[in-house]
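Pasting in a structure now, in structure tokens, and then I'll have a few things to ask.
Letters A, B and C mark the chains in the order given here, with residues in each chain numbered from 1 onward.
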Amino acid sequence: MTLEIDHLTVTVGDRRVVDDLSLRLGPGERLGLIGESGSGKSMTTLAVLGLLPPGARATGSIRLDGREVTGLAERDLAPLRGAVVGTVFQDPRTSLDPVMTIGRQIAEPLHLHGRLSRREGRARAVAAAAEVGLPEPTTIVDRYPHQLSGGQRQRVVIATALIARPSVLLADEPTTALDVTTQAEVLALFRRLVDERGTSLLFVTHDLAVLSRVADDALVLSHGRVVERGPVTRLLRSPEHPVTRGLVEATRATTWRAS
Amino acid sequence: MRRPAPRLRRVSVVGVLLRTPRGAAAATWLALLLVAAAVSRAWTPLDPFTTDPYSAWLPPSAAHLLGTDSVGRDIASYLLAASATTVVVAVCAGLVAVVVGLGLAALGSLTARWVRDGVAVLIDVLVAFPTILVAMALAAAFGGSLTVVVVATGVGYGVTIARVSRSEIRRVVREDYVTAARASGAGTAAVLRRHVLPNIAPVFVVQLSLAMATSILAEAGLSFLGYGASAETASWGRLLSDLQKFLGVHPWTVLGPGLAITLTVLALNLLGDAVRDAADPRLRTRSPGRGGTLPPEPRAPGPSPADPARSPAPEVTS
Amino acid sequence: MTGLAPGQGAGQAPVVAPLLVGQGLTRTFTLPRRSPFQPGPVRHALVDADLAVGAGESVALIGESGSGKSTLVRLLLALDAPTAGTVTFDGRTVEPARASRLRWFRRETGVVLQDPYSSLDPRMRVGDTVAEPLQHLRVAGDHRAMVAEVLGRVGLEPQDAERWPHELSGGQRQRVALARAVVHRPRLLVGDEPMSALDVTVRAQIIDLLRELRADLGLSLLLVSHDIGLVQHLADRVSVLRDGRVVEQGTTDDVLRRPQHEYTRSLVASVPTID
């Protein structure tokens, strides 16, 4: 098991934003967390990373690659981020440092977690850029984020998240800010990379249609609690919990019907 | 028959302001100052300007609440009389700063591109001039006086206000609610009145309070140096200047004017902050379903509005 | 109509009397110079675009970011001046002018913008925001009652008029924006990505609400979106915009189910579905 969460509860003030959440993720598995805004799905990823906002308290157990991470001090947590768990956030405009070149940003996890010369770092960055399908990898690594499109920037973020070969990839609404054609490509990229490397994927989204293109199983969240879980195909075809049913119906009423 | 929309019940900003310790303290001190200034025009315990060398350096007593200075003037009466000077300087400098500041800011944000850019450069150049230097130059040309102080600090701080307000105006004008207002039929004047001014108010109020505070300090400093109030005008700065020569011998006397200046400047700064907070609807009411402190409300997911790097901001037409 | 390849755009003419018509709309931006010796680069945000919305119709403009759809909407609403081309409403020319000269046009149109978190002035209460068009447009009558009525129509309570925007959720704010857009009973409602910042259940509710408003108030609808699913559920006719040009137009059914242009085809193929 690469990621195990047991009875995670996150409270902010007197409110429980995550309530008794448990999940298991093995190598190569793709699990989705689906829910509306405020359902606690983003807080869950932040809890795994140990990056909860000030004022938020977490109880429960989170194990990454078998190692307990709740209650770890910052200096013990930091080495895990990037090396054991990689993250892709939603907004490609703000996830990249505008004054660092693409190559340096992609290689940053390598430099943080190990000794690497500048040249080696650049070479690995070029390789990573090629792997995520960025055009002209040898020249693009010297560009700056503002010179790339939104889809390309998100690919950079994915490359950065995966370059240190983490066991778990956390993705929080990674395609929501992208155009629909770019979104399709990036989702396909997720599937391919996860299959090729055997990384575990925890994919957070509010969009059932997107979820169905990238995850096999899913947890449905509402007000911080898991209300239903199961294979995505089953959730779509025969949802049991009213929240899930509401989601499926609303999605049907608002998404493209090909037939 | 048209009836204008009645004003909805408004929570009194003043009421909220007075409920915070900062706001209440600052407002109290400044109210006292205003009262003292008003009273001093009609009455002071003793004539602040009467000198009596035989009564120099008297300790505090019933007759002289704060004692006397090196030439026998009653310090308490002098401080009281000088409070009027302080109020006048602060208010006038504030007015000058507002006019200069908003005027330049408006020119620098709501006009044609070439005017805007020109004014922006002008503002940056003007900001570079130190206020004290300008005051000294004016004093050298026209002789030291309170007018010089007011003009110098008013313009000096007005330019800083312009700089800050200008970027705020440009930010607000880009916001969606301004577009929506224009689509609802609002003209430029209406947009300015209803949306721009209230939304730049927080920054502006703080800057104005700083301007007034700085003008008091500048007046004190310039009078101290001899460029400000003349000998016939009571001024805290002048008193400080007179008393500090004897600091080694009579150190306690400077407390009077020193504290007066410090407390007034502090009160103005605090009031500025408190007014800004009291006027912010977000700080007056809580967001739905929140307990304790939360990070700013997470944005519901969705594609970000068009990247500003890709489309230039549209010109503000009427 | 120009801007289309031969054979495309079958059935693009509105069946009913056209209300808002844009013809040959072009908008070019000159960006700031890079060097003092060369003129600044020119960006063609929109080239020779035609669009028409008929009375009672619902028309959608599909485009991804950078396609020029927001530019086109601003031109159609006289919030920006075209480099070339004309806009008419009910036969009258529409162009940017002083607010008083455009009042007649502003009475006929209402706008809902994308971001519910920035389209409401944070320093104005809901009631004042919704009443704003009534004031600027000098609408006669009891404004307070009209505000209460329209708030009820969009699914809010009359007492919500006293609330501040930050006290409301994204869906509620968008309802307020809708209320503001229809309070003065325009004939045309324009929505610029009105749902993209909303949760899916809220979206479904707003779609129903839009349908209701169209039926009750006889509104025509111009919807700008990149969301093909939304367009399918709301629009009668569709125009597809790409890089500033209209590449395909027609009824929703024709364009989305039998796309002719390869860009439209790739768009439709990329959309994730749950069927």
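Simple rule for what comes next: a residue touches a chain if its C-beta (ideal position, glycine included) is under 8 Å from a C-beta of that chain, and two chains touch if they have at least 3 such contacts.
Everything quoted here is computed from the prediction, not taken from an experiment.
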{"item": "Remotest chain, subunit B as reference, centres from CA atoms", "value": "A"}
{"item": "Most contacted chain pair (by C-beta pair count)", "value": "B-C"}
{"item": "Per-chain Cα centre nearest the global Cα centre, belonging to chain", "value": "C"}
{"item": "Distance between the centres, which are taken as Cα means, of subunit B and subunit A, whole angstrom", "value": "49"}
{"item": "Distance from the mean Cα position of subunit C to that of subunit B, given in whole angstrom", "value": "44"}
{"item": "Between subunit A and subunit C, centroid-to-centroid distance (C-alpha), Å", "value": "33"}
{"item": "Residues within subunit B bordering two or more other chains", "value": "300-303, 307"}
{"item": "Residues of subunit C whose C-beta touches two or more other chains", "value": "65, 170, 199, 226"}
{"item": "Residue numbers of subunit A (touch at least two other chains)", "value": "37, 150, 179, 206-207"}
{"item": "Complex contact set, residues of subunit C against subunit A", "value": "64-65, 170, 195, 199-201, 203-204, 207, 226-230, 232-233, 256, 266-275"}
{"item": "Residues of subunit A defined as touching subunit C within the complex", "value": "36-37, 150, 179-181, 183-185, 187, 206-210, 212-213, 236, 246-259"}
{"item": "For the subunit B and subunit C complex, residues of the former touching the latter", "value": "1-6, 8-9, 175-177, 179-188, 190, 194-195, 198-199, 201, 281-282, 285-288, 297, 299-303, 305-307, 310-312, 314-315, 317-318"}
{"item": "Sites on subunit C touched by subunit B in the complex", "value": "29, 31, 45, 65-66, 70-71, 74, 77, 79-81, 96-100, 102-103, 106-107, 109-111, 113-125, 127-129, 131-144, 147, 161-162, 164, 166-170, 177, 180, 184, 193, 196-199, 226"}
